Structure formats: C-alpha cells, structure tokens
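Below, subunit A partners subunit B and then partners subunit C, in two separate complexes.
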Partner chain A sequence: MSEKVIQVGHRDIRIINQEFLAALEAGYSVVVTDTLSRHNLGVGLPQSGKIHFDGSVGYYCGGLNTGTDVRVENNAGWGTGEAMSGGTITVNGYSGMSTGAAMLGGLIHVKGDCGPRCGVAMKAGDIVVEGNLGYQAGFMAHRGRIIALGGAGPSCGDALWEAEVWVAGDIESLGVDAKIVEPEAEEVEEINALLKQLGLEERFRDWRKIVSEQKLWYFESRDANSWLMI
Partner chain B sequence: MCGIAGRILNQEGGVGRDLVELMDAQAHRGADSTGFAIYTKPLPEGGKVRLMGFDRRNLNSDLDDVIKILKSHGSDLLTDPQIDDASTTHYSVRLEVREPANVESWIAEADLISNRIEVLSYGISLEIIKDVGDAKAVADKHNLRIMQGTHGLGHARLATESDVSPKASHPFWARPFPDVAIVHNGQITNYYLWRDKLELQGYRFMTENDSELLAVWISDQKRKGLSLQQALIKSVSEIDGVFTFMISDLNGIGLAKDRFAMKPLVTLESEGELIAATEEQAVRRIAPDRWDVFNYDGPSMTQIWPLRTIEAAA
Partner chain C sequence: MADDLNSTYEYPFPMPSEEEVAYSDGAIKGRTPGSPSAYDKGGSTRWTPDAIAEVQALAQLGRYQVRGYNCFNQRMPTFDDLTFVPATMTRLPLEGYRESCDMTTVLGAGTGLVEKPLELKIPIYVASMSFGALSASAKAAIGYGASKAGTMTCTGEGGMLEDEREASQKLVYQLTPARYGVDLEHIRKADGLELVVGQGAKPGTGGLLLGMKVVERVSKMRSLPAGVDQRSTVRHPDFLGADDMAVKIEELRIATNYKVPILVKMGATRPRFDVAIAAKAGADIVVLDGAEGGTGASPELLLNHTGIPCLSAIRPARQALEDCGMSDKVSLVVSGGIRTGVDVAKCLALGADAVMIGNAAMIALGCNSPRYEEDYHALGTSPGACHHCHTGMCPVGITTQNKELEKRVNIAAGAERVYRFLTAIAMEVTMLAKACGKSSVHNLEVEDLRALSFEASAFTGVKMAGLDRAFTW
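This part shows the complex of A and B:
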C-alpha cells in the first residue's frame, strides 16, 4: 500500500478531513504530520484503510469511524472515537475525557492512561487501556467492555447499564449502583484472547469485573421512596 | 465553555506575547470577550492601577474624580495617565501611583464612582487588561504583545451567567487584595449563598459574574489564616458547581478543580516554567514539539506553581 503524507498545521480541518477521505478511498495509507493537537481530525473515516497521526491530536479524533485503523503517535484529547461503529483507534499516549463516548462498535486501544468517564454511554465495542482509568469509568455505559490493565479511579462503573468494566489493578472506589462480580473462566479467556491479539503480555491478572447492581433500574416506579433505597 | 490559560517564565520576558498566543488558540471557546492578568516589573515605589471608564465623553471629569480620591488617601500620580485612543465608548486607563495609605479604604471610596469609571486592578505588579472581542482584537487594541513580565493569566469568555460587556470580562481582581487575580472556566451553583456571606463581611462585587466571587472567596480564606494550598483544597468542598480556576498572586499561580472533573486543564512544566491551558492545542502554540504534557482532569485537584525567582529567594 503506498503512503500519502498530509500536513495539518493551521489549515482548515474540513478540507484536511476531505483530503483524508480522498486518500483512503484511493487506497493510500495516510501519514498525518504537524498535528498540533488540533480538534476533529479524522472524523467520519471510511470502512477500511490506515491513518497514522504522527503527533498529538485534540478532541474527537476518529469520531464516527466506520472501519479505518487509526493510530495516534502521542496523546489524544476529549471524545476520541466518539460514536465510532467500526475499525480500531490506537493511542500511544494519554487519552482524554470521554474516550469512546457513545461508541457503537470497534476497538479503542490506549497505551497510556485514560481521562474521566471513559466509555460514557458506549453501546458496544471494546476499550482496552494499558494504564489507569480515570474518574467514573463506564459512566452510564449501555453495552460493551472497558478493560484496564492498570487500576481505576474514583466512582468506577457509576450508573452502569449492561456494559462491563474489567480492572486488573486497584480500584479507588466503585460508583453508584456498581458491584464487583466473579468473572466466568470463559469470559477471562475471551479477554485474554483480545489482549493477545493486541500483542499484550500473556500472564495471570487478578481481574475484577464490575457490572451494574441494577438498583437504579426502577424506571417503572412512581414511588420516590424506592430511589432512596439505592 | 470558556478557555483559560496560565504562563510562568523563569525570568522576566514576553509573557504578554505568550498569553495572547495561548488565548488566540482558544478563541473558539468564547470570543465574547478576552482578558489578561499580567505581572509586570514592580515599580521602585507605588503601584499600578488599571481602570475602565464607560463613557469616553466624560473621560476628563471621570479621571479628575479618580485622582481626587487617590489624593484624599495620601496617593498621587507618579507619571502621566496612559489612555487608549480607540473609538469605543468605553476606555481604559493605566496609572502609576504612590501607594494609598490604606488600599481598602481607597478602593471603597473609588468604588462609589464605579458606575462611571471602575478600578479593574491594583497592585505593585498586577495589571488586568480586558475587553470585548477575541484575543487578537484585544491584544491589538491594548498592545498586549509587548508587555514584559514574569507570569500571568488569560481568559476567553463565552458569556453564560452574565452579560456581554467589557466589565463582565475576565480576569477578575480579588477586590480589595492587591496583586491577586483569577480566571475561571465553569459555573458556581452556590454563588448567591457565598456572595451574601461575603457582602455581609463588607466585600463588594462589581459584576454578577461567579468568577469574581472565587477571587474574593480564596483571598478571604487567606485573610482568615489559611495558606493558599489550604484555601484551594477548601474551595473544592465549599464551592458547588463545575469549575477549573487559576488564581495568581505575586508568588505564582494556583489551581483548583471541582469534584466532578468536568473542566480540563493541560500543562507543560519545565525548568521553572509553566504553560497551562484548557486545550492542548493552545500549549502547542508555545511548545509545538513537546509531548510530555500533563492533564489535570481528575476530580478535586489542586496545585500551586510558584515562581522560580520566589523559590530561589526562600
């Protein structure tokens, strides 16, 4: 696959994103230089191709991605991969607040730490974090998995729906309506297979699986006192 | 969605130019107004007053009244006033003055004419410059880029809690505490509760802006004996809302962040220097190739960045 270099600098982001699409659809692998942590880079990427941001990116990088493999050489700002439905996003450094917000599918792999509310309202897909999860990881996440090889900050799994948060390290505190359950052996195998696919070291990890306690699920109730039981 | 910035240099230099860059990179976060708090070289004696007048037609009489009040408090002008020559109705004035015998009494009397001309800041080093418009417009109008100093703050405002006007712009001076300023990104939800308490203690507020409250709140805690670090920590539990604010004084810059981790701050620290901004892309304007930034995006965070010159003297 031949390579096309696209420079960001202070150029118009809409034009740059159109250049990404044209290059990917023409079959080029794209290398992006002079990224300057700018916002909205690589939003709405197509169903195949590879794009490498050679630096840090700002907010919403890879948002609405449908299948492209995205690699960020350094840090990513808020909302990385927001509402993506396919493809992968790899962040070599730190990924900011709301990584994978409302994502519908695909995989986000963060090699550093993640900011607050990682996976907020995610609907499907996986987020793998080699470092630590920040505050309120998995906040109101509907489905999908958040997997941290490090620890988790305060309020982990706050107001979870049916998503799962897996943590190998220490958990500072659980959020409202979150509980730790014993994972099934097959589930751990699935997690290990995913980690192996990402080239991560195979070894024993003391997984804590966090799910919803379902006490917040009294949506049919008109009785205010039932909310006080939570 | 405002944007804030802080800058510390390890020796006096172009802090005005750097802050303009940091705020220009964040102009999209709020172009209603932009402001700067810059710590310039202290005068051999006396202090600096920054004023904003609201009707240029009355400039001479308003300024006469300001000077009269200064003189009645044992102060006087050390140099001629510097007045902007823009065509706007409002105008800004910079004074160098002999220190009033009692700053608090002087500012209390000066505030009696604040509907005509308002003191924006007072201190031996602090100068607050703010206006409507984006960073470039404010910088061009007030010659910000040539201002030399050791440290400072910047703010781009998207008006949410009060009106769009030159006086509602940030930063805010912690009236009447000399050389203390604040910038803030967020909303304070127990604003009126604290404002009432502080007004009962005699503090005055020039705007309905919640950020002004924070500056006075922190300074009042310090007056009651807390260190800046203790006051910042206390603010996280006593002040409700979502916020990230930076407060500056002669010694450096402090940070506090709310319990919900909603408002970001990205920093780059190196050899006694600090670049801080709401967005990393602003930091890139000063340090395009440095990737070792730190994100202050956890809940209940506080931090103090002292001036290296102060540290060395300690």
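This part shows the complex of A and C:
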C-alpha cells in the first residue's frame, strides 16, 4: 500500500478531511503531519484503510469511523472515536474525556490513561486502556466492554445498562447501580485473547468485572396497568 | 370596651332553641354551618379535589406520577390572548379569496455554509416524535402526509426508522444525548441534523419510554434490553458547553460534507440567552420548544411546572438573534401547543420563521378520535380526554407498539388526514396574512397583533388592544 502524506497546520479542516477521504478511497495509507492538536481530524472515515496521525489530535478524532484503522502517535482530545461503528483507533498517549462515546462497534486502544466518562453511552465494541480510567467510566453504557489494565477513578460503571467495565487495578469507588461480579473463566479467556491480539503481555490479572445491579432499570413494574390510575 | 359585642338586649319573645336556629335555613339536618357549595364542591383554594387526588396518588405510589401528552397547567397563557388587527385604513388588505400569498419557507440558508438548506412549501412541519413513543405505522403515515403537503418530519430520539425515511421526502435526524443508533449511514441519509439539548415538555431532563413500549424492534434500534424502562441521559456524551458544541457542530458538518443544515433544539427556559449561545455555536436553525410541547411520557410535575410558554419565548428568541447580528443568518423554528393556523400565524408574526406541530399532527392522524370507545374506557378515559400515551395502550394505535392496536392506523387514510390538516392550517395562515395585507406569510409582524390581556402584552411586548402601547412594568 503506497503512502500519502497530508499536512494539517492551519489549513481548512474541511479540506483536510476531504483529502483524507480521497486518499483512503484511492487506496493510499495516509500519514498526517503537523497535527497541532486540531479538532475534528479524521471524521467519518471509510470502511477500510489506514491513517496515522503523527502528533496529538483534538476533539472527535476518528468520530463516526466506519472501518479505518487510525493511529494517533501522541495524545487525543475529547470524544475520540465517538459513534464509530467499525475499525480501530490506537492512541499511543493519553485520551481525553468521553473516549468512545456512543460507539457502535470497533476497537479503541489507549496506551496511556483515559479521561472521565470513557465509553459513555457506548452501544457495542471494546475500549482497552493500558493506564487508568477517569471518573464515571462507562456512564450509561448500553453494551460493549471497557477494559482497564490500570485502575479506575470514582463512580466507575455509573448507571450501566448491559455494558461491562473490566478493571485490573484499584477502583476508587463504584457508581450508582453498579456491582462487582466474579467473571467466568471463559470471559477472562476472551479478554486475554483480545489483549494478546493487541500485543499486550500475557500474565495473571486480578480482574474485577463491573456490571449493572439493575435497580435503576424499572420504576417498579413492567405492568402497564400500574400506570393507569393517573 | 369598644370590641365588646356581648349584647344585653332582650327579645320581646322567648329566646329560640339552638335546634331552631340551626335548621331554620332549611339546610340538611346534621350539617354544620357553612356555604352549601363548600360541602358539595370543596371551597379550599389550596386543597382542590385535584390537589387532594394528587397527594393520595403519591401516598399510594411512593413515587412521582408519569403520563404522556402535554402540559395540564391551567395557568399557561395561550395564543388566544392575542388577536390580529387586519388592514383597514392605514394598510391595504389582499384579496383573501383571490390574490396569492407566498408560503415558501427556507430554513438554514442564512449562514451560507449549507449546500442543501431545507426548502418547504409551507411554514409548518411535523415535530420530532420517536419510533418507540409512536408506532411505525403512525410514523409512516405522518411522513407520507407531510411529504404530500411539501413539508418535512423529524425522527425523534429513537433512531431512523426505514418506514419513516421511505415515507418522508424530507427528514431531520435527531441526535439526542442518548444517541440511540446514531451512525454515519443514518447521518448521511438525513436532510438535516438536529442536536437536542432539551425539549419543551421536560427541559433539563432526558427522554422517557416505559418498558411496556420497548418491544424487540425498539430495543434493537436503541441497543437496550427489551421491556426495560428507558430513562435517557440528559447531557450529551461528548460535549458539555457552548464551546464544545461548536466543535461538535463542525464535526457533523464534516461528516455530511456541509450538505445539510444543523439544527439545535431546546426547551424554552431562558431563550434570550440560550438562543444566542446556540446561534453563536454555529447552528443554522434554532428550534425552540415551549412548555406546552407534548411528549410520550414524562414525570407529570415536569410537564406542568417547567419551562416557559411558547407565547412568551418567541420574542426574546428573535431579540437574541438580533442582538448577535444573526437574525438573517440563523432560522428560528418554534413549537409547543400549536393547534391551528391561527396559532401558527401568531408565531410567525412574533418572529418565528417556521412552526413545528406535534400533538396536532397526532390528533389529525386520529389521536383521541371517537372510535374504540370501550378501549378508552378500559384506560379510565374517553375520546377527547385521553393522555395515556405512556402506557402503550393507545386505543387508536398511534402511541403503541402493540401490533394489534397498531393495525388500527390506516396509513393511507391517516396520511391523507395529516396532509389535509397541514394544508388547512397553511390556508388559515395565508388568510390571516392576506387580511393583514401581506403577500408572504413571512411578512407578518408584531404590529399585526394586539394583546387582549395585560399578561399577554407583558409576555410578548405586543400592544394592548385599544391602548396601542405595550404593557410595561
């Protein structure tokens, strides 16, 4: 795959994104330079291809990605990979607030720490964080997995639906309606296989799997008749 | 002593007995003294029968009450407090039955950033009501009816339904904080993208869909377990304040390659400030939903006691755009309790560019229609008074996910009714506009109105009828 270098600098962000799409659709592997932590780099990327941001990026990098493999050399801002439905995003440094917000599929791999509300409202997919999770990791996440090799800040797994938060290190506190359960051996194997695929060291980890206690799921009844007195 | 009312006077006849005194007015034996109406209807201004019933319901349930429909607060002012003052001597009217009046409405063209602004034949479109709150058949019927009328609909929170996309020539796609099913494919199929930061029925609170309505198809679209109450998040997952929203809007523009306008919808609370912030954040269209706005389900206290009426929100919203120098750049759409073309015309005169209808479209489709009366009675209500959208047991199949009930929506007939209603109210708008001497409905202005109450004048700045000046404090 031949490579195309696209420089960001202070150029129009719309044109830069159009250049990304054109290059990826033409089959180039894209290297992006002079990123200047600009917002909205690599939004709505196509179903295949590779793009490497050689620096730090701002908000929503890889947002609405449908299948491209994205690599960020340094740090990423808020909403990295928001609403992505496929592909992978690898952040070599830290990732800001709301990493993988509302994502529908694909994989985000953060080698440093993640900011608050990692995986907020995510619907599917996996987020693997080698460092620590900020507060309210997995807030109102529907489905999918957030996997932290480090610890987790306050209110971890707050108001979860069916998503899972896996933490190997210390958890500062659980969020509302969250509980820790013992993972099944098969589930741990699945996690280990995913980590191996990402090139992470195979060793014993003391996993805590956080899921919803489901106390917030219902007012009191599924029975419509209980609402008819109004 | 001055206040010594004890009397030393003696009647020239025997003192009557206590029994004679008590019953000589013909009142029922055994009743204590008081006004007859106080016994039959209750006389307390605080402890009305409704207030007593509410306390009793809360005491039984141990939680707040939930219902659908819209605001039941009797104190809400309405557009009926305004009247038009058509052309007479100072202005010339147009021939109401002969001359034409332009209704074409273009939204989102002002910023110059959008390739395909929303061009509507009439200044009215159908509001966002989710699949989940409404049945798929109801959504489709509304879509077809709106398309025939040359206008558009909006998805609501539950994602983009194939039936509705197919039915609606123009469809705005909502991005609510819950982001149910939001992906690039649907974003690129939309004719406009609406970022929702609130709604008039329950500003400051996320969506609500009770478990009875979360059937398999709804559950799949929302990536949530079936049968579970869905109380959606209220804050967006990936932005917080106005500065972040500006970046988010840019992201959506890039995702759609600047093809479609970006709308920002909010409940009417502090429109003077909120509208200015949304406009400055980069919205092409601001949608302002008054407290009378409808909903499929909400805690009742929020429906009745939060937000400000549509009547009072429009002028500060328009003023906000003027203050920012963005009145010609950003379109203003209003909604909330709009019933007829008269209400629509008043909204336009107060400063709206277009008006959204929700409940009215549902009623046109068949909501509260006098059919299936036994099913209304089973819900403890009757046609014309039903507000049980939240239960999913809608007798006419509109606000339900029950397949048997949904069959009661005749998509073709429903679409035609929605179309005819939209056409009728658009005609009403032009009739008023022509009477006021306007060749375009968008030329209606505040001067065309007079207020019939001090309240309406104070809320809107419209001149008082007869006084020709606005009420000021």
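Methods note: the second predicted complex is superposed on the first by the 218 of 230 C-alpha atoms of A that agree within 3 Å, B and C clash if a C-alpha of one lies under 4 Å from a C-alpha of the other, contacts with A are read in each partner's own complex, and residues count from 1 in each chain.
The criterion applied here is as follows: contacts are C-beta pairs under 8 Å (C-beta built on N, C-alpha and C of every residue); 3 or more make two chains touch, one makes a residue touch a chain.
If you're wondering where the values come from, they're calculated on a predicted model, not measured in any experiment.
In the superposition on chain A, contact of A:V70 is made with neither subunit B nor subunit C.
When the two complexes are overlaid on their common chain A, residue A:Y94 makes contact with subunit B while staying clear of subunit C. Applying the stated contact rule after C-alpha superposition, one finds that A:G134 touches subunit B and leaves subunit C untouched.
Once the two complexes are laid over each other on the shared chain, residue contacts for A:Y60 go to subunit C alone; subunit B is not touched. Looking at the shared chain after the overlay, A:A152 reaches neither subunit B nor subunit C. In the superposition on chain A, A:H39 makes contact with both subunit B and subunit C. Which of subunit B and subunit C touches more residues of subunit A: that partner is C. Once the two complexes are laid over each other on the shared chain, residue contacts for A:E82 go to subunit C alone; subunit B is not touched. Comparing which residues of subunit A touch subunit B with which touch subunit C, the overlap comprises 39, 58-59, 78, 97, 117. Contact residues of subunit A toward subunit B in the complex are 36-39, 55-56, 58-59, 74-75, 77-78, 93-94, 96-97, 115-117, 134-136, 153-154.
Listing the residues of subunit C that touch subunit A in their complex gives 57, 60-61, 63, 65-67, 177-179, 181-185, 187, 210-212, 222-225, 227-229, 231, 233, 237-239, 244, 247-248, 250-251, 253-255, 257-258, 300, 379-380, 388, 390-393. On subunit A, the positions that touch subunit C within their shared complex are 13-14, 17-18, 39-40, 43-44, 58-60, 63-64, 66, 78-79, 82-83, 85, 97-98, 101-102, 104, 117, 120-121, 123-124, 139-140, 142-143, 161-162, 216-220, 222-224, 227-230.
On the side of subunit B, the complex with subunit A involves touching residues 261, 264, 279-281, 283-284, 288, 291, 293, 295, 297-299.
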